[in-house]
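Shared between the two complexes below is subunit A, which pairs with subunit B and subunit C, respectively.
This part shows the complex of A and B:
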């Protein structure tokens, strides 16, 4: 349509200047939502690959336990570092891009939203542990708590390292630094298992004696690293708000 | 999209329907509030939903609304202003001769600059029907403007 006609239409459909617009827009606030609803919405933004990977771990555990595949018990702890890396990478994605999911920053603080993004993969991991530990323990004979600790320790170690990597200047430049770190940990675990039997035995003994304490310390270290990561977002939070 | 731009578009659309400034503004604001209640955010206003809500609210209000009276301060106008007003009246008459549905289409497409997808979803018609009706409305408007001697 020619511009003249557009002008004509603009004149014809012009409306009187609204009187209450500025006041209304100034006071416009999003509707209140509960924390649980916020978590559910944030879960919707997490990439499918995270869920697929988590589901694949559970399927592997169930299938391996059902078929009594001999490597299942040992492979699961070696997979856990990747689960940690995927969680951290998801968090990185949230911080890196324009982040449609951070739209909620007006209702919840930037930190709350990022915390939710860390919490959701964490809960997923707990679900995996809750499923995998008893299943593996029952299938291969062993204590559920010990099995859980065998899986949890590599996860927490990797998580702490990955969070540090992500905050470091080098890690910020490297897109998949966390993934590389988790691969390194996983390879190291495989190497120790194959070539350092004494270390493996020592590790197993240590877990049996001090496992709970080690897990607690690692959990505190991970929580501290997450706290530091959340605090490091102070500056971007100002920019987004 | 800028919030003010969205507000203006909805307000213009509602005013076109209601022809009453204060009610148009009330409906515009109610449209926003209902959208926020349903969708929960104020950053991603989906125009098709806003138009649909506004339209439904206009239907609710339509029977109770009386058009605004004409402004009273048009007694003292210069000849140039008078020519301009005459021209505007002629243009408005040409547009007014179109069916209300066609006027609505022209407003949404050429004044509010909405995409064909948004309009077709808001009005519940197919894209094909939209293009066909839009073309017809444009042709009729051109003919109407020529008939009333509008030149630019």
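This part shows the complex of A and C:
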């Protein structure tokens, strides 16, 4: 009886049409991702070259240490500037491909994208250091911390120089300015190693005594350069056109 | 929702691109008409937060343009936009969806729906660099609306579209405009003639007309031509 009554009521009094249904649905915002999740997802958009280069360094370290290749210990710090340059080159992708305008108006703005592109290769470098330093130290004898500092110093120096290069008007025009800067640093390291023994000894001594302080200062300089790069993305992003 | 632009100005060296512009927009399509160099793009870039005005204020229901909250309400199609060459149409829209903070599953579904709406489902996995101008523009439209924006800003969106695509696009915008603030910039009157309930006209950085337009007022094209003579 109850069901029959319901049916009759349904037929007699039809339900009113929904009012402003679309507006209501539009106001229901979909669940949004957190900043951390966004950073993780950005890792998927980092160019393959960064990962390939990072993997190549690890493979070289493991293979060289396993086979006791005599140059492994010296070559790794000379490769690190290139890793820094490849990471910095990630920063210019938006500008190169004209994506800045679109990336600036999204919820996670262009600054967040750029931050992710700095942070992810930075973490990758730390992973490389964490793997390579103890492996090299064990294979060739020496302290893990000292080995790590020998690798980290050229990386940080190149990183801060490349960040400055990328912000400069000339660096904006030169697509591979950062790579050129890293090659220069690497060549300089090789030249010093081969032709200035006194400098090499002095450098090794300096790292032994002041390495931690030097790394800290360079890390601060690099962080400052990254901060400046992040802050240079706002208004001037439009002035390049 | 109400989008309020209050005494907005922007100057480039010795040229005033936007000069003390004030208006309010509510749901519906508003056409922004003006000749090249009238200040339309500068105005729109300020309304999206890309450019900082020299003076003035932009708010949407009290939410300031510089905030993340404002950007989460926004959809934008710039006059010229780039794309990463390795992206397919699907990847591009999903990338923008990720930046707009859409959860992965929702973004995937929304992307598929939008590719259908803009007629690119069959080429969704093809690289954008292989697309024609019109197809790229359709990808641009899809990315602009992927977050169901409450404010949609379109800068010359019909550029590069063929006549059939233009009609299709106009219908889509008219539909979106039913419950979204749409600002549609163009210098082609016929683009907005039939869909814009409201009209803004710009000349030399200033708004010279702000209001609705109906057929009784005469031919819009003629009025427009007269204003810009």
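Heads up, the rule we're going with is that the second predicted complex is superposed on the first by the 194 of 241 C-alpha atoms of A that agree within 3 Å, B and C clash if a C-alpha of one lies under 4 Å from a C-alpha of the other, contacts with A are read in each partner's own complex, and residues count from 1 in each chain.
Quick note on the criterion: a residue touches a chain if its C-beta (ideal position, glycine included) is under 8 Å from a C-beta of that chain, and two chains touch if they have at least 3 such contacts.
Fair warning: this is a prediction, and the values are worked out from it, not measured in the lab.
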Next on the checklist: Is A:189 touching anything from subunit B or subunit C once the two structures are fitted on A? First, second, both or neither.
Outcome noted: neither
Checklist entry - Of the partners subunit B and subunit C, which touch A:18 in the superposed model: first, second, both, neither? => result first
Checklist entry - Can A:33 be said to touch subunit B (first), subunit C (second), both, or neither? => result both
Checklist entry - Does subunit B (first) or subunit C (second) touch A:113, or do both, or does neither? => result second
Checklist entry - Just subunit B (first), just subunit C (second), both, or neither: which does A:8 touch? => result first
Next on the checklist: Let me test your reading of the model: by the given contact rule, A:45 touches which partner, first (subunit B), second (subunit C), both or neither?
Outcome noted: second
Checklist entry - Which residues of subunit A are in contact with subunit B in one complex and with subunit C in the other? => result 20, 29-31, 33, 103-104, 106
Checklist outcome for this item: Listed in rising order, subunit C residues that touch subunit A in their complex are 45, 48-52, 68, 71-72, 74, 76, 78, 80-85, 95-96, 98-104, 106, 143, 147-148, 150, 178-180
Item to check | Residues of subunit A defined as touching subunit C within the complex | outcome: 20, 22-23, 26, 29-33, 38, 41-42, 45, 93, 97-99, 101-109, 112-113, 234-235, 237-238
Checklist entry - Within the complex, which stretch of subunit B touches subunit A? => result 3-4, 7-8, 11-12, 15-16, 21-22, 24-25, 28-29, 32, 36-37, 40-44, 68, 88, 91-92, 95, 103, 106-107, 110-111, 138, 141-142, 145, 150, 152
Checklist entry - Taking the complex as given, what residues does subunit A use to touch subunit B? => result 1, 4-16, 18-21, 24-25, 28-31, 33, 100, 103-104, 106
